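Next come the structures, one after another.
Shared between the two complexes below is chain A, which has chain B as its partner in the first and chain C in the second.
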Partner chain A sequence: MSTISIAVVIINVILALLFSLGAAPILVWIERRVAGLIQDRLGPNRCHINGIRLGGLIQSFADMLKLVFKEDFKAKAIQESFFFSLAPVIVFASAFLSFMVMPFADDLIINGERFIMQGLPMDLGVLWFLALAGLSVYGIMLGGWSSRNKYSLLGAMRAGAQVISYEAAMGLSVVSVLITYGSIHLGDIVAYQGQLLFGFIPAWGIIIQPIAALIFIITAFAEANRTPFDLAEGESEIVGGFHTEYSAMRFGLFFVGEYVAMSASSALIVTLFLGGYHLPYLNTQTLQAYMPFILMVLIVALPLGSWSAMRWIQKHNRWHKANDIRNHESAFLQKGLIGLNVLVIAGVGALLVLGLSETSTNVATAVIQIATFALKLLFMNFVFVWVRWTLPRFRYDQLQTLGWKVLMPLAIANIFISAIIVVARGL
Partner chain B sequence: MGIKIVPRHGNTLKEKLYLPAIFGGMKTTLSHLITNLSDTPEIKTINYPEEQPHDISERYRGVHRLTKRDDGSVRCVACFMCATACPAECIFIEAEERNDGVDEKMPKRFDIDLLECVFCGACVEACPCDAIRMDSGIFSFIGKKREDFVLSKEQLLANEEKKA
Partner chain C sequence: MTDILFVLLSFFAIIGALGMVSLHQPVHSALSLILTIIALSGLFALLSASFLFMVQIIIYAGAILTLFIFIIMFLNVKEANLPKEPNKNLTLFLGSLALLPLNFLILRAFYKMPLLTAPLEHDFGKIKPLGMELFTKWLLPFELISILLLVALIGAVVFGRKDEA
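What follows is the complex of A and B.
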């Protein structure tokens, strides 16, 4: 193994960590701030480190620290303490591992060596995700059962029944997608979505397979235990559901696991239906062919975007009390933005002036694709949060009815239709 | 009185699909989010300890105060009406004779335990001399130990009426 290949593997692992584990505090922040703003409240905005509060992001880190240092309390009635401790680990690990097959960028070619840009370079793709996402419910059921608490047990039962009814519909909707793309490898699926449909529409999954996309997104909400399908928690009915008896970092693992699972589901939705790492109309080949132009557009667009961001910061990022240390934050953020601009423009300008070699074009493509993937992932996560603060929770029988009587027949019908279309096109 | 027939909802295809209603709801929440990020936010929250609430009514029942006569002495005559009326039994009065010729009796001690008090205002209603009122406008009272919450006669006399 050469130095470059080791470096690329390490970068891949770090990126996978960032997108899943590193995203958890950011997602908690987004959840709380978006919830506040949607409900005409402020949300957490006071916590700061030397005046820097990043719109309240520091609060997430403070909360994490609190969870780590809290007393690890366990009720006396809990006898199966091994399973009690194992449960959050299963939830967290399965959510975390299911993220590892998401491709962040097209295969990177450096000096003739080909690297698959995902956390674990394997081509199990969708199957890996389905296997591990289904595993996480064992953690919930184990936790609910070993808690020795009727509310926990009720939550665990609900989670189990919910996953059984929604995993079927999810699997079937994925089958129709796989029939269309003809591969289970997520890299191939994304490459397929780089094409154009009828020559002018990007062939994204949501356009080719709208019904499968709808079913998959709905079942992904259920799979990640998010509202409107968060009956397993059901804090208004069964205290805290499966994590009633959990505290400190054991609860923290459940909590982070939920957000990692949400991020993993979003990543799969992006990969299957929203074109993965592709910018619309720019698949890898066109991106590489027009790289100088795209870099020039970047040089123009980045300062414009930063300028409007700075104007927003000047107007809104104020602390209501004069002479507070938090008032220095705006200047700091603006300096940071200017510094970022100078760095990026200098780097890209140097690339353009010196001329693009093949390797640098490939690396630039990968960076642009990773940024695109990150943005799409962020958007999809925002949709998860947005839906949570819009819709109320389903009643238990409504949930079962929707799963078995609506989504499942729809998914089966969709398989037949897509199979007929694929065969007819092949004739 | 005629019979009003309420039409049943939820039977048309559009309503059974649920999705139009869901997207409508998501549009509403998104419009709130965008408004609150824009130049004219409609956020109702105040930044509490720095910004004080401005919509507390004049009739708000805050921490009690003992009123004074024109000469500045305590108006209370230690008749125990408030302590009798109190449902939480949080008023403790010890009476003494008043020798300055203004009245016959006055409280030696007049303690109110705010941790017991339910802020019902029954003491104010019961007082025949208008000696106890709850118009100080103090809505948050802070102490570091339980004893801090037992207000003495001097503390109650020091509370001023809230100026509008």
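What follows is the complex of A and C.
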């Protein structure tokens, strides 16, 4: 192993950490602020560090700190304390591991060495995700069972039944997608989506497999136990469901695990159906061919964007009392934006002046693709939150009817049609 | 490295199997079985059978054992409802003695197998060659097994449903 390959592996693992675990506070923040937006209120925005609030983002960090330092309470009736402690770990670990096969960028080539840009460089792809989604339900079921509480047990039962039924539809919808792409390796799948359909439409999964995309997104909501499928913790019926008896960091692991699972599901949806790390019309080869132009556009666009952001901050984030602590935030944000601009322009300008070598083109491509992936991931997470605060919860029988009588036959019909089309095109 | 992994995985597989047979609570038995299955899938991965490795986890650990545990938890077995197991150790011992001839047979078959010395192709055990093999050379047995499974499934539904429904 050369130094470069070790560095790339470490960067990949850190990126996977950032996108899954690091995304959790941001997702909690998005959840609360979007909930506020949808319910016509503000949501948390008061928590601050020396005046810096970042629109309420600091609240999530304060929440995490609270969960860590809370008393770790365990009811006396709980006898299976090993399984009681193991359950949140299973949920968290399987959610976290399932993120590890998501490709953030196209295979990076440095000095002739090829690196797969994933947390774990392997080509099991979709199968790995399905396996860990299946394992995560043990955490919920064990947690509910070992709590020795009727509400918890009911929540665990609901979660178990729900995940088993929706896993079938999810697996079948993935099969039709795999027939189209002809590979289970997520890197190949994204490379396929870099093509153009009829010469002008990006061949994203949501365009060539719309039914599979719909089924997969619905089942992903169910697998992540989020509204409209959050029967496992329906608080108006069964208190907190499977995590009623949990407190402090054990609850925290369930809580963070839910967001990590949501992020992993979003990453898979982005990878399978939204073109993964590709910008529309710019697949890796085009991106590399036009790299100098794209960097120039970046140099022009970034200061313009920052300038309008600074205008907005000066207009809306200002308090008339000069010594108001909240004025620190505006100054901090503006300084941060200017610093970012100076750094990016200096870096990109140096690249352009010194001339792009092959390696620096590849690295710049990877950086742009990682940023694209992150943006798409955030958008998909936003859709998760949006749906949660818009739709009411399903009743249990409606849930099972939808899963078995609607999604499952639809998925099977879709496999049939996709297979016919693929075979007919191959003739 | 591979040897250490092999020893660890086999250790967990055997521990899980022992726990499955000897533990009193049904939930504990089912959980031990999960341990065995996951350890076995790890052994598949060591043999570079990556597809089997994933399928073992998806089907056995992810679906079948979830159903087992679901049913066991659903029945909510109380400590008093569990059968008393007098002479449990003796029964286990006699049972393992009765299995010895079978073990002997399997070991004999194992040592009779030809030793594979040629290096594996790079796509050995991956989903593509396995699918090609399954759907060309072994198509008929594959379809027959699928029909058998379907028949079993329909049979379960027929037996399980209420008369008036």
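General remarks:
Criterion: the second predicted complex is superposed on the first by the 420 of 427 C-alpha atoms of A that agree within 3 Å, B and C clash if a C-alpha of one lies under 4 Å from a C-alpha of the other, contacts with A are read in each partner's own complex, and residues count from 1 in each chain.
In this text, a contact is a pair of C-beta atoms (placed from the backbone, for glycine too) under 8 Å apart; a residue touches a chain by one contact, two chains touch by 3 or more.
The shown structure was predicted, so the numbers you read here are calculated from the model rather than taken from an experiment.
When both complexes are superposed on chain A, chain B and chain C end up sitting side by side without clashing.
With both structures placed on the common chain, the touch criterion links A:Leu21 to neither chain B nor chain C. One of chain B and chain C touches more residues of chain A, and that partner is C. In the superposition on chain A, A:Ile109 contacts neither chain B nor chain C. Once chain A of one complex is fitted onto chain A of the other, the partner contacts of A:Leu42 are limited to chain B, with no touch recorded for chain C. Look at A:His320: by the touch rule set out above, it reaches chain B but stays clear of chain C.
In the superposed model, A:Val34 makes contact with chain B only, not with chain C.
In the overlay built on the shared chain, the residue A:Thr390 is in contact with chain B alone; chain C does not reach it.
Contact with chain C, but none with chain B, is seen for A:Leu130 once the two complexes are overlaid on the shared chain. Within the superposed three-chain model, A:Val9 lies out of touch with both chain B and chain C [touch as defined at top]. Superposing the two structures on chain A brings chain B to within 25 Å of chain C, judged by their nearest Cα atoms. Under the contact criterion defined above, no residue of chain A touches both chain B in one complex and chain C in the other.
Chain contact summary for the complex, chain A toward chain B: residues 34, 36-42, 214, 315-316, 320-321, 386-387, 389-391. Within the complex, the chain A residues that touch chain C are 83, 122-124, 127-128, 130-131, 133-135, 137-138, 141-142, 144-145, 153, 156-157, 160-161, 163-164, 167, 171, 184. If you check the complex, the residues on chain C that touch chain A are 27, 31, 34, 50-51, 54-55, 57-58, 61-63, 66-67, 69-70, 73-74, 76, 126-127. Interface of chain B with chain A (complex): residues 19, 22, 25-26, 28-30, 32-33, 36-37, 39, 41-45, 47, 50-51.
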